[in-house]
């Protein structure tokens, strides 16, 4: 079984300490909300967990049945939606979906693309260039890309950023549909989103 | 490293194709590179217009044009991804090696597009012509592979820095020194019309340089990319 | 403290002896004034230390990437800093010698001058990159990668440079050993030279050790205070 261990993690940018001694473990079905004010290091913690930043101290281990996984092995099983992650403005929504699926090793059919777009409420807009999308539509497309990956580790940084009411509903549907089989990590400072996860990890104290 | 139902080569080509499609739609890098090449070429044409420089000088001038034009555009492959925020999506979407070779192929395509335009202009404007086209072809082929092969990882390094454009040239120059020296020697021979014995040594060095730099970049790329 | 004293005494010995003994060069073979050749006692050890520092920083860069231990980054950057300092010293002493004997401070057809020029550019590029990266962990990784790439490209340069500057080199090559590898120096000259070599190396090691300890204290206090 997949498992994530965050062990005594600390990050420092020069003299500035972002956080220290962060500890938690998650298995599929479990969820955690990383909460804290702006600048408390929520996004930094997510990057450290993904392995795209080097911790000052401590470590992050993804393991499967006790076997530690290499970056490329758990990367395939991980999806992220974040304000720091963007999609290609010079490609259409469909081209984005097709590209990300292909470089990840999957051929995705047109029906699958259509159903993904419908799931995030972007039906009929798949042929438009992403540069012409509104920020809410872009956020929806990010969910479609994350869903296409069929990931067991779902990381959401500010999950409902830029979304309207129907978008927020679509997101909570997605989260509920994935909750049982996924490790869910949500970084947020919205009070009502704390409830999306069972546990909390408070930063910035 | 095949995985899923798409093989490794198709993944690499998907990255290159994506960049080429984007490039055709936005003309982000090619315009800068071509304009830079044209400007340098014009300046050189004016400068040498009054007198006729030797073939040796011509060979050096040719590579100065290519070097500086390449410096203005090759870093874009990663800077663009980093600045638009798509780098993070790409890092999660595929293995570092796929990205590296995809970007390397795109930079190569960019360089060959540049050469195809610069070579005829150089010949017309500077009224010179290689005496040995085969040697000239060798120089361009191996030179371009080396330029792209050695600087793709530098582009990835520079894309994380707070200053990017100027830094790319500063970091690339010491790395490209051996390449430029060897390739200019072959080009000299091409302009003067030598025999293969003259260029055997720089050819060997150039082939070794291209292979070593690409393998080295491939080995080190993950350290840079996973940041 | 004892090291500081020893280095001081040995350095004084070298400086005094370099000027009171006869010039290391046989006056019959000189190009310029024979006294200029005394610079050899300083220039060669400085070049040697610059090379040593360069190799050390390559080694520590590789070790850093293997272990991700920040201590290796501190070692690599300290070696590079001192390497830059000694490379500048060697360039200056070399230039003075060049001016006095060959009439020019700088000569592009001299392979060693070109090499040290490239070495200075490499150091410059290394520090330019470091100053453009705010995150220390990222800075350590990326500059280590760059160091390794530079080292490999320097190996290619060693092969290619003699090709373009094949025969015409005025730089004395037989000042320490002759072509068959035998020592060319007489007793006094060799005593001063090897003392100088040792004392410059000791000076480098002493400053290097001091900087590392200083950095470590600084790092430790950062971790404790905030």
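Chains: A, B and C, in written order; residue numbering restarts at 1 for each.
By our rule, a residue touches a chain if its C-beta (ideal position, glycine included) is under 8 Å from a C-beta of that chain, and two chains touch if they have at least 3 such contacts.
For clarity, every value in this text was computed on a predicted model and none was experimentally measured.
Colleague: Drop subunit B from the picture, leave everything else in place, and list the groups of chains that still touch each other.
Modeller: Leaving out subunit B in thought, the network of contacts stays intact as one piece.
Colleague: For the chain pairs A-B and A-C, which is connected through the larger number of C-beta pairs in contact?
Modeller: A-B
Colleague: Find the geometric centre of each of subunit B and subunit C from their Cα atoms only, then give the gap between the two centres in Å, rounded to an integer.
Modeller: Their C-alpha centroids are separated by 33 Å.
Colleague: Take the average of all CA coordinates in subunit A, do the same for subunit C, and state the distance between these two points in whole angstrom.
Modeller: 49
Colleague: Using CA atom averages as chain centres, what separation in Å is found between subunit A and subunit B?
Modeller: From the centre of subunit A to the centre of subunit B is 36 Å.
Colleague: If I count partner chains per residue in subunit A, which residues reach a count of at least 2?
Modeller: Subunit A, residues with two or more chain partners: 53-54.
Colleague: Counting only residues that touch at least two other chains, what does the list for subunit B look like?
Modeller: In subunit B, the residues touching two or more other chains are 227.
Colleague: In subunit C, which residues are in touch with two or more of the other chains?
Modeller: In subunit C, residues 134, 138, 141 touch at least two other chains, as defined above.
Colleague: Flag every residue of subunit B that touches subunit A in the complex, lowest number first.
Modeller: Touching subunit A: residues 3-6, 10-11, 14-15, 18, 21-22, 25-26, 84-86, 88-96, 98-99, 102, 222, 226-227 of subunit B.
Colleague: Can you name the residues of subunit B that touch subunit C in the complex?
Modeller: 150, 153-154, 157-158, 160-163, 167, 170-171, 173-178, 181-182, 185, 201-202, 205, 208-209, 212-213, 216-217, 220, 223-224, 227
Colleague: Which positions of subunit A touch subunit C when the two form their complex?
Modeller: Touching subunit C from subunit A are residues 12-17, 53-56.
Colleague: In their shared complex, at which residues does subunit C touch subunit B?
Modeller: Listed in rising order, the residues of subunit C that touch subunit B are 65, 118, 121-122, 124-125, 128-129, 132-134, 138, 141-142, 144-146, 148-150, 152-154, 156-157, 159-161, 163-164.
Colleague: Name, in rising order, each residue of subunit C that touches subunit A in their complex.
Modeller: Its residues touching subunit A are 68, 134-138, 141, 222-223, 226.
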